[in-house]
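For clarity, chains are labelled A, B, C and D in written order, and residue numbers in each chain start from 1.
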Amino acid sequence: MNSEINRRGFASDNNAGVHPEIFQELMAVNKGHALGYGADVYTGAAQALFKECFGDQTETYFVFTGTAANVLGLSAVTRSWNSVITASTAHLEQDECGAAEKFAGCKVLTCDTDDGKISPEQIETHLHGFDFEHHSQPKVVSITQASEMGTVYTASEIKIISEFVHSKGLLLHMDGARIANAAVSLGLPFKDFTTDSGVDILSFGGTKNGMMFGEAICFLKPVFTGDFKYLRKQGMQLASKMRFISAQYTAYFRNDLWKRCAEHSNRMASVFAGQLSQFSEIRITQKVESNGIFVIMPEAVARKMKDHYFFYPWNERISEYRLMTSWDTSGADIEGFISLLRKELAV
Amino acid sequence: MNSEINRRGFASDNNAGVHPEIFQELMAVNKGHALGYGADVYTGAAQALFKECFGDQTETYFVFTGTAANVLGLSAVTRSWNSVITASTAHLEQDECGAAEKFAGCKVLTCDTDDGKISPEQIETHLHGFDFEHHSQPKVVSITQASEMGTVYTASEIKIISEFVHSKGLLLHMDGARIANAAVSLGLPFKDFTTDSGVDILSFGGTKNGMMFGEAICFLKPVFTGDFKYLRKQGMQLASKMRFISAQYTAYFRNDLWKRCAEHSNRMASVFAGQLSQFSEIRITQKVESNGIFVIMPEAVARKMKDHYFFYPWNERISEYRLMTSWDTSGADIEGFISLLRKELAV
Amino acid sequence: MNSEINRRGFASDNNAGVHPEIFQELMAVNKGHALGYGADVYTGAAQALFKECFGDQTETYFVFTGTAANVLGLSAVTRSWNSVITASTAHLEQDECGAAEKFAGCKVLTCDTDDGKISPEQIETHLHGFDFEHHSQPKVVSITQASEMGTVYTASEIKIISEFVHSKGLLLHMDGARIANAAVSLGLPFKDFTTDSGVDILSFGGTKNGMMFGEAICFLKPVFTGDFKYLRKQGMQLASKMRFISAQYTAYFRNDLWKRCAEHSNRMASVFAGQLSQFSEIRITQKVESNGIFVIMPEAVARKMKDHYFFYPWNERISEYRLMTSWDTSGADIEGFISLLRKELAV
Amino acid sequence: MNSEINRRGFASDNNAGVHPEIFQELMAVNKGHALGYGADVYTGAAQALFKECFGDQTETYFVFTGTAANVLGLSAVTRSWNSVITASTAHLEQDECGAAEKFAGCKVLTCDTDDGKISPEQIETHLHGFDFEHHSQPKVVSITQASEMGTVYTASEIKIISEFVHSKGLLLHMDGARIANAAVSLGLPFKDFTTDSGVDILSFGGTKNGMMFGEAICFLKPVFTGDFKYLRKQGMQLASKMRFISAQYTAYFRNDLWKRCAEHSNRMASVFAGQLSQFSEIRITQKVESNGIFVIMPEAVARKMKDHYFFYPWNERISEYRLMTSWDTSGADIEGFISLLRKELAV
């Protein structure tokens, strides 16, 4: 069991721990009393940083999980008779156990995608039945940046989507669980490919990039904020000792910690992919644009590798696996994996 | 603003920070990689401590908030056509913004109470309409220990309630947001007044007694566990870096940290109440059995006091206020309050 | 079994059948084709009658059941974090199996009442916690006219309630499952004690007063209508052959059929109560203001009576029973009941 | 407007009125008193007819709409974390405004289909993530018989699906809004292609084939019945004067009324399709196996035709239209349409 504790791997960027600078900030704010539920000064300060980053209209609410950020953000701008359109690979569709349907009461409609990204043409196939009471009314499109397949929308792709979406009277939501990795990949400030590209609501993640817990829902436009506090509370997402989420975000923005972490994990993914591409038995199936690498490898080899490194199958039918790097992935992690892989492939 | 940061008070036990021993444990587990979502060894270890504490049948699931612990625990054993019976003062009724109704779809029925506790006689008034499809079917009784009024049920009171509740085919849920304060007050191990007194499901709090975040849902009897993991995930309460909740509970049980913290806050409440009772203008309205003190004081005086110490009105019509002590309440906090109060009353 | 088919009684006004004039209208509209879902001319015509009756702003939507009328009408003007305030005896609270909680997600708060009516003073006890995200936000007050206890609010009582409710920023809903009986009791046009007395949303019943099925939700003020069609459809209440609800309402308003039916049942209740009051063993517990009579009678006698006439216990602890008259209650029904009762009491 | 009243068409089988034999039965049961909410003898008698038809284990519950039959039937066997798999064309997916998501809280997953039918291979693409708490758990497959495209599953196709579905631990639901048309098309008793082919839950429609209102939920296997009454009530679908649904079903089964109606409408569809196929400008896009005909015709022609006959576009992009026949479609309806069409095409 003990060896398990220390076994490293590429299972997910949330298998990594908390960055020391985050930890220091948690300690720094752990002094004396602070009002609960976000009425403390640390929370106001963190919210101000979001305004700096995303624009003055930005209203930010902290919650605990990425699922909550997505579901509550979408709930804020929908009624139960609406539908939400997203990629077939989206976390919202595949990995949230139907939380959007349960909590928002909405229908989730999907666009098939190979690379995790969707286009206006695909979205349009769901845009019918407007004003027809028998049909769920399309209201929000949700895109993921970086996508679940590690790919990244360019700012101009996002702008094209948002213009299309707005022209149809819908809103654009971005699931930014890995938005830092996308920003680094694009070499752009957050604002360029969110607020300035027409995103209305953003789930801004932190946990996968060095934080302990806590996600942010950012209303970039004044589409809905007044009553959101009730939705968050009723959604069981109001933190009593809120300062311990806020402080993490403060540290996350200070000296671009988010950037340093994401640059590291993206670079490690790039290095890792380079190493993997030397093997003819391995096929990389997606562009490596952030911190995820998708590979097809012989199943027997994968089985052996998993005795030493944690990682998950993505598509078992074709023996496809996902390898995620994180802010703490080391060169040794990659070298160890590659050298073991070389050995196993040689067998 | 700065002085605000440091202003201490008696607003709530969640205004206090994180106990150093908890913090140390958080740092201790922040090493290397750990599987996400509770598949790590720290979580298994913490769950084992709950079995030790509450009995072998205990199945424990960690969530983020007390509201989530209550709502998901109740959701686990109800269907939407059931009703839940609780005190009119219960957190579930007053302070969760209707989360139980929204998520479980259930009706919440209340028993009027002055001291936060309810009796079988009161519960019985809601036990009718069984098998009658027009009427929500009573399914769970929820009691709060210690209650929102700072009072504490004795083990025998709980046993009488549980026997009554079970005889009617219902289950007994306990909201234990302040269960440590109750245990200290009763001088009993947790198990005596929970599992052994017939409680079926327990929300075991930690945040109000020195933790940073995280609450536990304990199924003390095998009433429902198999599918609970889906409910927690769909309820947006599955922590990705779960080790950072688990570790806190491990520290909380180690060397009876929970007990030391609760003993302190209860003792401070007792001392505080003793001091307050010297003033003829102040009336203590509830038995001080844990860490809450309810007082009626002149409104003008209260207003002045609130400029220096945070605390909340309870019943504005009668100028009643709530003063909560916490694991970090100091003698100086109390002395300061009392001396200012003396001054204000003398005016 | 056959005798059961014909056994008459006072169980409920919905045990009576369909009035012949309603039936004739159903046959009259059963000609050729009509567009489904309310796009037919019969529906437009019936909606116009509601405007005549309740004022030009009235928007009317037909649904199937009284529960649906209440729940969807309330859902239209609430979000899940709101609360609805009503009498402890209300159908909404006692007899809808928690449909409001399930569908609207709201909390239902009750005012204790002996006679089925509530007052501003009682409503006010629930009006706190505004703007406090921990607390469900009060949004609608629902009163029942005639009440479940057969009592009737005067127009001026309703006006006082609506003014109070509006002054607090809430809306007033009326459950009018037996509104015809109330109108007859008051000797007033519907509009006087609804639209003109400040009611915002009305469930206008018909089934209990001679219709086959179908209820109407009337938005008397433009509080919400634009999107209501989606709510009705998603609420599974959109009738495909809508003309067969609409036609019933057309017949119901024609030549004041509603009035003739309600006058009859109210008069029968009055006669019945007069007869019952001759027995010293029987105590009438509520004012007989519409078509319900509440009586305490010896349990053994009630048991015998129930072998011959259907009726329901109201409060078994005190041997209280409810006797409802309907549009088809005959003098013979009452005489038969009274003469049997005389016999049983003499035993 | 008056001409509108009488304008006939092929818009939907629910544009037709009520069959005279149904009407007679409604009148026949409109005598004296009957207990409400299904406790009457007529309801028991109708339920017994369902047992005769579908087997002794069949438990039948009446509701108002087809949407309610689907949603409540599915709700009975799912929890909110489950998913339901159906055709992309299913009523459940396209035409119920998200009622399943709202009420059951479930995720609805779809299989793309051209002809309204789905196969085990398509279903299988959704069967993954079992026991994985992040993923909605597949629980029910829903097929439509006859399908929305007018096609019909053979008994052996259904058996193959049910065996597959059961082998994976799921249940099979059939939306039988047009089941009578399917039975006639197959020339089989209902039981052969439902109970005996492995269907677990059936929405048995009547409104589209001559009834006034009312649908039946049949639990063909004892998968769930005990508590269903609460679900129906909370779902706002419990009819107070239930005898008026039950009686319709009694008439519907008597002397095979359902069969006579469906035979007629199927025959009319066949005749109609035969006539339409003479025009080279018209293309029939689906097999005509029940009472629906799907045709591509020149848009300008369709526009003209719609001035005289009601019918709906199906796929506007390709100028595809749906023509439905019903129990009252006459030879003259078809001749009139065809002759007008001939004229318009000649222009």
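Note that a residue touches a chain if its C-beta (ideal position, glycine included) is under 8 Å from a C-beta of that chain, and two chains touch if they have at least 3 such contacts.
Keep in mind it's a predicted model, so treat the numbers as computed, not measured.
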Listing by label each chain that touches subunit A and subunit B gives C, D
At the largest C-alpha centroid distance from subunit D we find chain B
Subunit B to subunit C, mean C-alpha position gap in Å, rounds to 41
Between subunit C and subunit D, what is the gap in Å from one C-alpha centre to the other?
33
Separation of the C-alpha centres, subunit A versus subunit C, in whole Å, is 51
If I count partner chains per residue in subunit C, which residues reach a count of at least 2?
80-81, 96-98, 102, 105, 133-134, 230, 233-234, 238
Please output the residues of subunit B touching subunit A within their complex, sorted ascending.
1, 4-9, 11-12, 14-18, 23, 26-27, 29-36, 40-41, 63-68, 71-72, 96-99, 102-103, 207-208, 212-213, 230, 233-241, 244, 310, 328
Going by the contact rule at the top, pick out the subunit D residues touching subunit B in the complex.
37, 79-81, 105, 133-134, 137, 227, 229-234, 238
Using the touch definition from the top, list the residues of subunit C that touch subunit B in their complex.
80-83, 94-98, 101-102, 105-108, 129, 133-136
